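Next up, some structures in structure tokens.
You will see two complexes here that share subunit A, one where it goes with subunit B and one where it goes with subunit C.
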Partner chain A sequence: MTPRQLPLRNLKRKPARTAGLLLLVLFLAFSLFAGTVISMSLQRGLGSLEARLGADIIVVPSSAKSKVDLDGIFLQGTTGYFYMDAGYVDKLQAISGVEQLSPQLFLASLRASCCTIPVQVIGIDQATDFSIQPWITKSYSKALGDLDVVVGCKVNADIGESIKIYGENCKVVARLDATGTGLDTAIYCSMDSLRHLLESARALGHDLKISGDPAQVISAVYIRVGDGYDIQKVVDDINLHVRKVQAVRTKSMLTGIADSLSGVSRSVRLLILVIWILCIVILLIAFGMLIHERKKEFAVLRVLGMSRAMLARMMLSESFLLSLMGSILGTALAALLVLPFSTLIEGLLNLPFLLPDTPALLGIALFTVLACLVIGPLSSAFAAFRLSRVDPAAILKEGA
Partner chain B sequence: MQLHAEGIEKRFFRKTGSANNFFAVSKTDFDLLPGAVTVLVGRSGSGKTTLLQMLSGLLSPTSGKVFADGTDLYSLPDKALSRFRSTHLAVIPQGLSLLQNLTVMENLLLPGSLYSKSPVTEGTALEMLEKLGIGHLAGVYPTELSGGESRRVAISRALLHRPDVLFADEPTGDLDDENTDLVLDLLQAEARRGAAVLLVTHEAGAERIADNVYRMTAGKLSCERSAHEA
Partner chain C sequence: MSNKRSFPVFQVIILLLSVFLTVSVRTFFGACVHDDGTFSTCHWAGEAVFGSGIVLSVLALLSCIFPQSGIRAGLALSSLVLSLGTAFIPGNLISLCMMSSMRCQSIMKPAVMVTSVLLAVFSLIAFLGAFKRLKAEV
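== the complex of A and B ==
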């Protein structure tokens, strides 16, 4: 037995005391890791959503706003469809400030073979699209052929498989990376493929309420405003000059989500703070109580010849070991709960939720362990100081 | 090693009572000589333990100095004093003084591992335990020991590292006659080896091994018998 082995032995021989202190550090680590990951995932989710939308303005038929939940369709991947004449693209192009625009066509599957619930099928114009295409290009660089589809990461179909939509076999050619949004459940295809599916749906007797030629309809137009133009002014111009359409600024669509996200993030941060303050106070009290409990033990060690510095080092080593074990356990437990259940958390919060990538997660884990390794020994520093200065004569005098 | 105390005294303050400022040990000169057993007797509360603590480097005197082979113990910084105590002195305190988290064997070996580069081996420690009739208890924890067994472990721990000066404060308090004789013989053997031994005791039989006998009365030290005088 050497002085270096003493801290571990002391922890082992007092399992209840060790478990109690370990649990406190575990709470610290758990709350910091889980809270940070949740907070970061929400931030990333919003960032991903903004990037995925990629447009400053979305134009829909004016009737759409009263019929469907636009935020749900564009931000959360809920299903819905509405149609307007494709000729609006030219009218919108003529509006001053419109730099880039691209139409999209929507169709909600009733029951696709891939999914237990209806999914949103979105047709994109690959020649003009600037919103979805950059994401598709990451996983599939070729042009989408007839009835080729790209699926969101949460659609249950692998590359090379076929999924049946309105009786048509659609070939999955790529899967998109996770966005942490409801758009992960959508299916994307070319405009021609979607028109093909529209026809199939109509042939199967579904009333899609299309007025006019089905080959000449679109659902929405994504617009990017040129540099130096006031986006709100472009929105106002569209609403003023183009009849029967409604221009919506994407930023205003995101405001609600951003507000909720900011509220949840604030609450998470506050919760972490409260847990940390509580745990640190309890740790201080617990270590403070140890002063009385361990006075005699430390006095004996002094009698045997340990210096004050050796005693303080021993106490700090014990709290370091506790912090190391507690922080690793707490971080691992938080990772086990938060990472696999991110979809559930996303559902509960009803906010875009995109987990940080692996290096970032490792960074948060490392930060958590380091923070606990600083806080644990710091909490015991006062006790270590007091115990190192225990009067060794007391043990001889008290005798017991 | 010769230990010499020069004019040491210890004053304590009590928070309550009329005599709230008293001398546990009045100004005293004292020598502990190598190769001799010095027995210190006196009534409870007379200041024996306080004197032992001051001599062993555990309690700094209110005034006066303690020299070990010319070195003023209390002028040393804590680290040096601790090392000195661990290397040259050993104390058998009153009452139970074993570390509860360590086995008997580990209790014995720990002091030797604090500073020494060649600590005592388990075999030597076991021999010492067997001398005191507790070799079979090497692997048990102190919570499983009786008072007498714990006391013998503490004595083994002090003797094992062959100190230059050995302080024993009521070492036979929990022991039967047979073990008391055994321990007194071991203390005497330590002195014959060359150690200076200070034995604080109420044990009447202790005087048989004493080279010097001192009496403490209300903090004042008087010599009752000295080998030098004899």
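== the complex of A and C ==
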């Protein structure tokens, strides 16, 4: 046996002690990887939501606010529908500061194929849309035909498949990239297709509470404000001059989410810090206690001819091996639990949640392993230093 | 052939995981529940996993009972293949509901996948251990 083999043999010889220390490092790696991934996913979710909304103002019928949770519809994908006359588009266009606007039409499916939960179907005006179309273009460059639909990434329908909505077979032509928000669960189609579905819903006897001509209704108008205009002033102008509608600033919708998100992120970071401090303290204590336990062993090794440097190196090698195994196991376990359950975590937090992409995840994993490889041996460094200073004669005499 | 009895740590872990998979897929990790008494395909995916879980549990139990390395190696290999197959049942071999936010997609599928992967890893370790002992005996 060579001195190089000693660290591994020492770890194997005391399985309980090794398992205890391994568990501590595993816990460190688990908390760092899981916490960082969750924290980053929340930040990415909010960024993605801001980018996807694309509009500065959303205008809905004034009755909508009392009927449904608007934040839920626009940000979390809860279903709802409300209607107003399409003539409001011209009225809103006349408001000073409105640079671009596009109407959307909503419909909640009662049952989409095998699902028992309703799905939000959104009709977009392809000629004017600026909030959804840029995202659709990434995966489908043609115009949407009659009953062609684009599904959010969380609607599990493949391209080419048909989804039955109100008895109509709608062909899936594209899937959108993930946003980490409720928008991922919606289905998008052209305004004409949605009017077709409205008719089908009415033909099946569903009361959609549309007053007036169904061909002349819209649900919401997305507005982009021109440069140099105060968005809040445009919101106030719309609310003052256009009757029976409610203008909502998208930033105010996002503020609530951003506040909750920063709260959760702060808690996660604090938790990681507390876990790390606790584990490092426990590791320091554990390695300190080992000094007493292994005094004789080290004295014998010194008598057998090992130098102080070799003893210290052996101790550091042991902790390096432990850190390597613990960090790999902890990171793998965290990845196994956090990544597949991301949808559940998103549902529990009720916040936008978009996992980092693969290179970023690999980067976090590497960082976690490296951090543990630094912390583990550092925790044992003091103990290694003290152990290398033991006087073999005194120790062996003590035990005699 | 060795009849030496040592505590079968990995076999017991595999047994516990198999029982957990079997019970959980019918309870807390179960598929979507419909109020009207109808079933989605996800229900049948859950039933298939339940069936696999029973077989995995029986294999693990037999592995705990029989100490012979050859038998244990064979049973561990069977568990390994079956657990990998089980991981592919929800969403791949049997389709699930349409929305990722639904219970079968957000809870049952990842839970089955994680448990099956763990089962496969422990089965592989158990197989390698049994195979090593078998080679030493021969």
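Things to note:
What we mean here is this: the second predicted complex is superposed on the first by the 394 of 400 C-alpha atoms of A that agree within 3 Å, B and C clash if a C-alpha of one lies under 4 Å from a C-alpha of the other, contacts with A are read in each partner's own complex, and residues count from 1 in each chain.
As a convention for this text, contacts are C-beta pairs under 8 Å (C-beta built on N, C-alpha and C of every residue); 3 or more make two chains touch, one makes a residue touch a chain.
Treat the numbers as computed from the prediction; the structure is a model and nothing was measured.
On the shared subunit subunit A, the superposed partners subunit B and subunit C are arranged side by side without overlap. In the overlay built on the shared chain, the residue A:A86 is in contact with neither subunit B nor subunit C.
By the touch criterion defined above, A:L301 reaches subunit B but does not reach subunit C. Using the contact criterion defined above for the overlaid structures, shared-chain residue A:L344 touches subunit C, although it does not reach subunit B.
After overlaying the two complexes on the shared chain, residue contacts for A:N10 are found with subunit B alone; subunit C is out of touch.
In the superposition on chain A, contact is made by A:I163 with subunit C only, not with subunit B.
One of subunit B and subunit C touches more residues of subunit A, and that partner is B.
Of the two partner chains placed by the overlay, neither subunit B nor subunit C lies in contact with A:M325.
Between subunit B and subunit C, the shortest distance over C-alpha atoms in the superposed arrangement works out to 17 Å. Against subunit B, in their complex, subunit A makes its touches with residues 1-3, 6, 9-10, 12-14, 297, 300-310, 391-393, 395-400. Subunit C meets subunit A in the complex at residues 32, 34-35, 40-42, 91, 95-102, 105-107, 109-111, 113-114, 117-118.
Partner subunit C is touched in their complex by these residues of subunit A: 77, 112-117, 119, 153-157, 163, 184-185, 336-337, 340-341, 343-344, 347.
By the touch criterion stated above, subunit B contacts subunit A in their complex at residues 49-50, 52-53, 58-59, 78-79, 82-83, 85-87, 91, 93-102, 106, 109-111, 113-115, 141, 157, 169.
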